[in-house]
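Structure below; questions to follow.
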Amino acid sequence: MLSPERNRTLTSVGPDTPMGNLMRSYWLPVLLSSELPDPDCQPVRVRHLGEKLVAFRDTSGTVGLLDEFCPHRRASLVLGRNEEGGLRCVYHGWKFDTSGACIDLPSEPPTSSFKQRVRTKSYPCIEAGGAIWAYLGEGEPPAPPAFEWMAVRPEQRFVSKRLLECNWAQALEGDIDSSHASILHSRLNPADYAEFEGARELLYFDGDRYPRYEVFDTDFGMTMAARRNAEPGSHYWRGAQYIMPIFVMIAPFDDPLPQMNMWVPMDDGNTMVWALHWHPDRNLTQDELERRGSNLYFHCTQFEDGTSEAGSSWIPKANSRNDYLADAEVQRTKMYSGIEPLWCQDKAVQESMGTITDRVHEHLAPSDLAISRWRQKILATVENPVQLEELPGRDPQTHRVRPPHFVAPENADWRSRMEEESRIA
Amino acid sequence: MLSPERNRTLTSVGPDTPMGNLMRSYWLPVLLSSELPDPDCQPVRVRHLGEKLVAFRDTSGTVGLLDEFCPHRRASLVLGRNEEGGLRCVYHGWKFDTSGACIDLPSEPPTSSFKQRVRTKSYPCIEAGGAIWAYLGEGEPPAPPAFEWMAVRPEQRFVSKRLLECNWAQALEGDIDSSHASILHSRLNPADYAEFEGARELLYFDGDRYPRYEVFDTDFGMTMAARRNAEPGSHYWRGAQYIMPIFVMIAPFDDPLPQMNMWVPMDDGNTMVWALHWHPDRNLTQDELERRGSNLYFHCTQFEDGTSEAGSSWIPKANSRNDYLADAEVQRTKMYSGIEPLWCQDKAVQESMGTITDRVHEHLAPSDLAISRWRQKILATVENPVQLEELPGRDPQTHRVRPPHFVAPENADWRSRMEEESRIA
Amino acid sequence: MLSPERNRTLTSVGPDTPMGNLMRSYWLPVLLSSELPDPDCQPVRVRHLGEKLVAFRDTSGTVGLLDEFCPHRRASLVLGRNEEGGLRCVYHGWKFDTSGACIDLPSEPPTSSFKQRVRTKSYPCIEAGGAIWAYLGEGEPPAPPAFEWMAVRPEQRFVSKRLLECNWAQALEGDIDSSHASILHSRLNPADYAEFEGARELLYFDGDRYPRYEVFDTDFGMTMAARRNAEPGSHYWRGAQYIMPIFVMIAPFDDPLPQMNMWVPMDDGNTMVWALHWHPDRNLTQDELERRGSNLYFHCTQFEDGTSEAGSSWIPKANSRNDYLADAEVQRTKMYSGIEPLWCQDKAVQESMGTITDRVHEHLAPSDLAISRWRQKILATVENPVQLEELPGRDPQTHRVRPPHFVAPENADWRSRMEEESRIA
């Protein structure tokens, strides 16, 4: 449990909050590149870390991320016209480039020097891995993120996004919690797993529901290792990497693709969840693509507004207003939740806690060690500020990891193996 | 009029409020038994006295009422799986019985004693009269309620429920106010009453619009007697019993069936209204059933979501969003309100006052004596706490009353007759 | 920019606020006369200056404007029955005439004097120019408003109303700001103006986008004169009159009809916008009527609820929930905003600023002189109270003005001409 004050510290991400300051020390993803498909395309409203922003792609293809509101009279630049080299407010025509400089101010005479005195707030952006990343912090941004999925060709990865209507922290806590996999994502009858080809992991989850955790600090954040009994005399080790401040790597499940999730706070009550799968060496197979495009496993691909890609509201078709399309009969006979898509099982429990969960009245158990250690770690980081360069996970060299999982004899040196299998050449 | 402070005292029902404490000293109805139709059926979300709860019926048929949120990580147990002997949280599988004890905790080893340290909030429930009643207070609950309708067979009663989107007190005040019957529920042309077979009462309401009240304290709460002129030389006396804290008995109207209403506070801004009719000695007739199932008199039987029974949102089809389906032409030519269902006439005026009516700026008249006496009574009760056993209406022996009404000569001993006709053998 | 405190002073219109008091010193329009079409028609809910009111037309045709809530038990009189000489509350039948006197109180005996002690809040109303005007202030109201459009026959004017979901002040500021016409209301290709017969003004707007302002105080408020270059050696002068507290006269545009807008605050976050065109001497032509009825220029004639007249919600079909039906392709190729109706271009930018715009973080330019002078003027008026009679624009004699515009040689005495053309004989 946390005190009300520390729960607030953990969950508040706006400007001038301790956690908000930590978030602002990293490059974070704000949009898919495909949401700004072409030079001079329509600008897009962005809600990020409690700030109201507008993103646009200029004529040269460069992305800008500005204060949503024109510094002149505060009309929204989401209504703006994206034209030759900048975004123009449609109210009086003031035009800004991606750096926030005012490059046209037609409501004053050409001879006026007023234009030079006008700037708008702008944040540096980069594009990498099919995503647009922004740095909202003070000082020099770090080098760009360098996760493995960002380096592979688009054909080697699968990316999806969805809106989660609750605070980021209770969502991320679900991701570093291996023990819920044995219930929330489980079938009542283990024989049902036969349909999941090669889903050895599911049987381990089912056979041993109380994983023992080993958690250790790393230069990117923390590694959580969950140990379960496997075949007699051996253990199933499952690693997850928490990379500060919002990234979690999850070991493969059901096929050889590792997963990374990004829990991007839009504000204190809404989170944009990015799910990523990739193969380091080859294109994804048709089967791998179909499974991920099916809306049933880790990726939401059906949205409330009927669209499925850039331009969507990113609100899943199954959401709290329709009780996540849960089926009582399926819950009675087949699975714990009655909610079919795996990602939606997580969404349902995470949102059901309320916008910000009441950590004062919870009861953490020994199997919640990863969660309690994670809170200690991130709260210690925001409560005891260090030099930016010393922040775990800020140096992209630390991103070169991959989530390991393996079966090993009981007395094996699991930790060496985990570290070795985590490292990317 | 009340001061703002006393209006707050009257209307606030959450935990640790004076009125909330009074409410918690009684068994109150929370669900129809039919809302939990079978052992191990789906759990149901309950909003009651400002608390968020979940109700379920276990394998043995016993009803449990728990904190909505699992004490582990605060996922909602409304998503839970109701299985062999308890309700299981679908997040990590913690399972609770109706007493709030944790009876399975699969995320820890079987050898762990952690389970014994976990309990969740649970409230005692009983079932009687086709309803589930809960006791949310401190100490030993009283004996179960014993209203007459609870003792008869289901064929002898008619029960309905509906959501009212305002505070409970302004709703109950409508129920103990006989004078509005002469206007709100009246026709413009008394000849129209001919269609109501035997509706002698309607003619009395119409013929004498300013009832004189006699109000006296009883062991259950208060009796309100409204006197109107009847045939020359005689009075029509109409009794209503207020049984603490939320029950009102209403004299028959239009046929021989007495009525009881229960104004159950869900929170300070929403009230679940239960309407009950019954016959002490025989089944209801087809005609009596049809009249009550018609949606036009006292019972709401048409809901916004198209369902009409357990599982409904209980939001009436006619509500504030559609101006109660009022018909201006009917209002012009036939009745004061233009709203057809009688219960909905009450709903419309009660909700129109706002979520919590402004008792600071009202003007009570002599004909509002019952209301002002009721407020005095209930506010005195919460402001001067007594022993639980001394609370009016807490002992179910006091529930054995029936609402009387009769025509008597002007100089008759009306009060003796009222007391006599109130008493159930 | 303003301080947060002065921004609050400028934008708060409720009872007992400085700006609310100024507003209450004038007759302001609350309804179209056609919204209360007949004697004894249905009453209408009115939201005005942060107060909840109900308007009705009594049997004699007189309009009453009362507190929405019955002084008895606070039921809404919007549910009331409008009958012989007054509005009757449907709860207990208390009936009020247009003066707020209680003229029937059937829940008390006829001999009771209680009725004499009951009054409800009522505000004086007048009808003129097809509108119902109310005076919510202290003391004697001034003589009725006497704008030119009020004196002409209905066939000589065109009136429309629409709801604007933001504060009144940022809306009115758009009206006294000539410079935005060169962008927000402009086409990308000046050749497109050919379709606007006689739209000489549009070419001036396009040819000179940085108007120079001359602003001077008058007995009604202020006159703003915007000067643009016209043909060589001449200026195009465009006058707008701000008549305290919410009226703006706009020079003709595209045909000879002057315009007046009324920015009526419903509360701090909603404004009823009235747009008026008229011809002083003749009926409007079919062409003039069609243009105004087309929904494309200054008048909103398509509403969300499908109705188009009295009884409408007055919510435009194009609104923030549907992104003002903006067309990205039109924005790319034809006009700055992509929003077709001219009035909706204003609505979009005004609402996009948020409910109350953040005047602390704006940057006014020299071309915003009219706006900064307007704020100085109105804030000085509320911050330095004067006698009611001294308030600009309160005496209807001052209303006899008309917005002038003309092309004049560079060295002409523009100000004398503007004053002369403003005056109505």
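Order of writing sets the labels: A, B and C. Residues in every chain begin at 1.
As a convention for this text, contacts are C-beta pairs under 8 Å (C-beta built on N, C-alpha and C of every residue); 3 or more make two chains touch, one makes a residue touch a chain.
All figures in this text were calculated on a predicted structure; none of them were measured in a lab.
*Asks:* Using just the Cα atoms, superpose chain B onto chain C and tell me the rotation angle to the nearest 5°.
*Replies:* A turn of 120 degrees brings the C-alpha atoms of chain B onto chain C.
*Asks:* Taking all residue numbers at the chain A to chain B contact, is the shared part over half or under half, that is, same or different?
*Replies:* different
*Asks:* Report the inter-centroid distance (CA atoms only) between chain A and chain B in whole Å.
*Replies:* So the centroids are 48 Å from each other.
*Asks:* Show the residues in chain C shared as contacts by 2 or more other chains, in ascending order.
*Replies:* Residues of chain C never touch two or more of the other chains.
*Asks:* Given the complex with chain B, which residues does chain C contribute to the contact?
*Replies:* Residues 40, 42, 69, 71-76, 78-79, 81, 88, 90-93, 105-109, 112, 114, 117-118.
*Asks:* Flag every residue of chain B that touches chain C in the complex, lowest number first.
*Replies:* 173, 179-180, 182-184, 209-210, 326, 328, 331-332, 336-338, 345, 348-349, 352-354, 357-359, 361-368
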